[in-house]
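Each of the next two complexes has chain A plus one more chain, namely chain B in the first and chain C in the second.
Moving on, here comes the complex of A and B:
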């Protein structure tokens, strides 16, 4: 399980009338299991980058080596790569199609050589990962599920492959607050249980701050920032310069500091900020 | 509608010139065919002319069904819905009601019909037989109102999600609707797109007096409204100003809604013994109260 992207450039329609450079010399590595947030405003190159990780796109220049497989040179191993790198696209529930939830989730296992019994076990485990009760939902039509349940069933269809690297493009988009929390729980659980690396494309700063241990910020096809959420979000000017918002807690901490309240500038959550304010209250009382 | 195709603004005023309610829902119950439980259960609410209201609630709480009742996509099994003085169960008023109360949906790609932006905006008025010169004027005005004039000749598929939603809003304005109902219009947009759409509907509300009904999951959006309604299990469980609704911690806990960030910070501090006034609500107010309390 490792991702090594070196000097990756991708040009769409090279030499054609719609030539566009989507990635321009991108480099980053990830070796330890982590939840990584990939951020940047629409058109910055996020989607192009993640499509390189399982060789849906190949580099125009530079290299992408994932799980030891070089997507340009190890052509015979691309099928293996796509099993090891799971992709959850935006609105994955639009891709549900089978008659039952269990059959839809099992679809990716059809050529796996696993016995029916094995497959059933894997489907059951995947449904457990996404908190869909097997006995209640396995034989239901996916189209009878609620929006949030459909989303989770679609995610289970990827988790059933037990990918070492899970790439999710805005996995919580369009869900209600409860649905968003459920998705975050799935991500944390899968990461911890399987030691998997999860790369999430998200626009939600507060979610990224609470969920990710590392943030990559992209701008114009390049990496504009790479670090822990604390490092990235405490540089408010830079974050704003690439068109993103600073999480509420960091923004408010900056406002308090300018009013003479010396809270730490790198708080990420409302709870952390509250603790800082209480600490200062105590100090002033003493 | 008069001969020029104008849907009269005056209809929403009484004879004495007072404003009427834009939308009045009276004791409505509505059940989808084949369902046993109602999607809307004995709900009454009123949206006043020129008001900006937000409807909150989890998926399945009935808020989208409520929206469909508001522009006669559905009619209630019990109770009545009155839009700009017209009852939605009077079928001969259907098109007038929909011209009066336009709807914007979540997915920006599902509501554009034409291959050029200005043709899309013209689609509504063309359908009701507005004269070409008048259509031209309305389309230009509508695109200007949503800040999309520069894109009049563009193909919709080249636009961002936020721009597409603004085109959808322009299509409603071109019908001279005085009420816009938006069902999670920003759910599929990035932060920039969300801001564009929010700024547009706030401006239309403030400057042109357009009545706005915004269905949303984003508490920060609801906080901008004049009034907030909270739906839970097909019932209306809270209504009031955002300040009032987000101060009701028991209700929020019961319905599983998270208040906007400044209110969360205030609650966090209050729970830990640093009590802030319960009406501190905006970013600035909460910061002010924190500074004062230290």
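Moving on, here comes the complex of A and C:
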């Protein structure tokens, strides 16, 4: 389970009237299971990059090798690759089509060679992972679910294949805070239980800071920063230069420091900030 | 490479800035002229006109030529039909049941060139006019039809919306297709039945999306107090400018050449040219 992207360049409509270079010499590697955040301003090439990971797009130049499969040369293994790299697109609920939730989730297992019994087990497990009760929802029409439930059912349709690498393009877009938290829980749970690498495209700095152990920042089709959230967000100027912002807690910490409250300058999450404030309060009382 | 027929290529050329109404009228007249003429001089005049227009449009010669691609089959088909199934004129070549005559060759060339002129000329209209302008102009041009209670505005609005949502639905199709492919769907291999079945996971979400988009749009239009064409003013009023005058005049010259030619005024020149190509004097 590894991702090796080397000098990846992708040009849309090459030679046509709408030629556009979306990726320009992108290189990165990921070998250990981790939750990786992919961030960047709109149009920086995030979606183009993730679509290369399961060969929905092929490189114009450079190479993408995922799980030992080179997407450009190993054509016969693309089906296998698409099962090993699960891809959840933006607004995945728009891909639902079957008559029942269970059948829709099982769509990815059609040609897997599993017995009906095993398939049912996998569907049940996938629904459990996204916190949809099997007995209540399995036989319902996916179109009768609420927005958040539809989203989770669609995610289950990808998790059911038990991919080693899970790619999610803004999985929480358009959800309320509670819905967002539920998605984050799904990601964490899946990563821990299956030892999978999860790559999430997100605009939410707070989510990235709390969830990811590594962050890739893209700008104009290139990788602008690559490191732990603490490393990446420590350079607030740089982060702002690429059209992003530091997490809310980090901004609050900076404001507190400028007013003479000696909190640690590298806090990232609300929990860390709360602990810092409590610590200072305790010190002042003493 | 994809065909460019019906596509719009943004730009600020002379052709882009012309009044879309004038462009539509000239295109229609141009099509009439292409069908009217049958002589070399007529074709030469129209070729010169279309080449000048392509040059002025700045979309590139290759881009215009790529518009021919989807219709290449029809052009070749009609050419072949005319070549083999014309029994008038002198036989040039005969073998088995095939008899190729000089009249057949001329007819085949004429038809294929006529189609080429037709497609490049009309492609130029869509290449340089965006769909909003196009339907706007159409609505204005068809306005007299209102007298016979023809719903011009509604028709134009429907066209605008339909055209506007083609790229949206294409994008949606692409997105859903990719999402299902990522779940192991296979749209490319297998027999006709298997492929038709494979379309279900694509078509159902697409229909659902189309209805969702339509109802969102209807709601947005009502929220903005849309109530049909009655008493509706426009943000952009179309005005004729100097450019349109020049274009009209240029076309008048071409049209005059074609009409004079049809009336036989240039017969001497035409005969001279034909004499050069076919010394036997077939036609």
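Keep this in mind: the second predicted complex is superposed on the first by the 280 of 286 C-alpha atoms of A that agree within 3 Å, B and C clash if a C-alpha of one lies under 4 Å from a C-alpha of the other, contacts with A are read in each partner's own complex, and residues count from 1 in each chain.
To be clear about the criterion, a residue touches a chain if its C-beta (ideal position, glycine included) is under 8 Å from a C-beta of that chain, and two chains touch if they have at least 3 such contacts.
Worth saying up front: this structure is predicted, and the values here are computed from it rather than measured.
Of the two partner chains placed by superposition, A:71 touches none, neither chain B nor chain C. Using the contact criterion defined above for the overlaid structures, shared-chain residue A:256 touches chain B, although it does not reach chain C.
In the superposed model, A:158 makes contact with chain C only, not with chain B. Which of chain B and chain C touches more residues of chain A is settled by the count: it is B. Of the two partner chains placed by superposition, A:202 touches none, neither chain B nor chain C. With both structures placed on the common chain, the touch criterion links A:143 to chain C but leaves chain B unconnected. In the overlay built on the shared chain, the residue A:245 is in contact with chain B alone; chain C does not reach it.
Chain A meets chain C in the complex at residues 13, 15-17, 51, 54, 56, 79, 82-83, 86-87, 89-90, 92, 94-97, 107-108, 110-111, 143, 157-158, 161. Those residues of chain C lying in contact with chain A across their complex are 1-2, 4, 7, 9, 59-60, 63, 172, 175-176, 178-186, 200-201, 204-205, 208-209. Interface residues of chain A facing chain B in the complex, by the touch rule stated above, are 41-42, 146-148, 173-179, 203, 206, 243-245, 248-249, 251-252, 255-256, 259-261, 270-271, 273-274, 277-278, 280-281, 284.
For chain B in complex with chain A, the touching residues are 58-60, 106, 160-161, 184, 187-188, 190-193, 217, 256-258, 261-262, 264-265, 268-269, 272-274, 283, 286-287, 290-291, 293-294.
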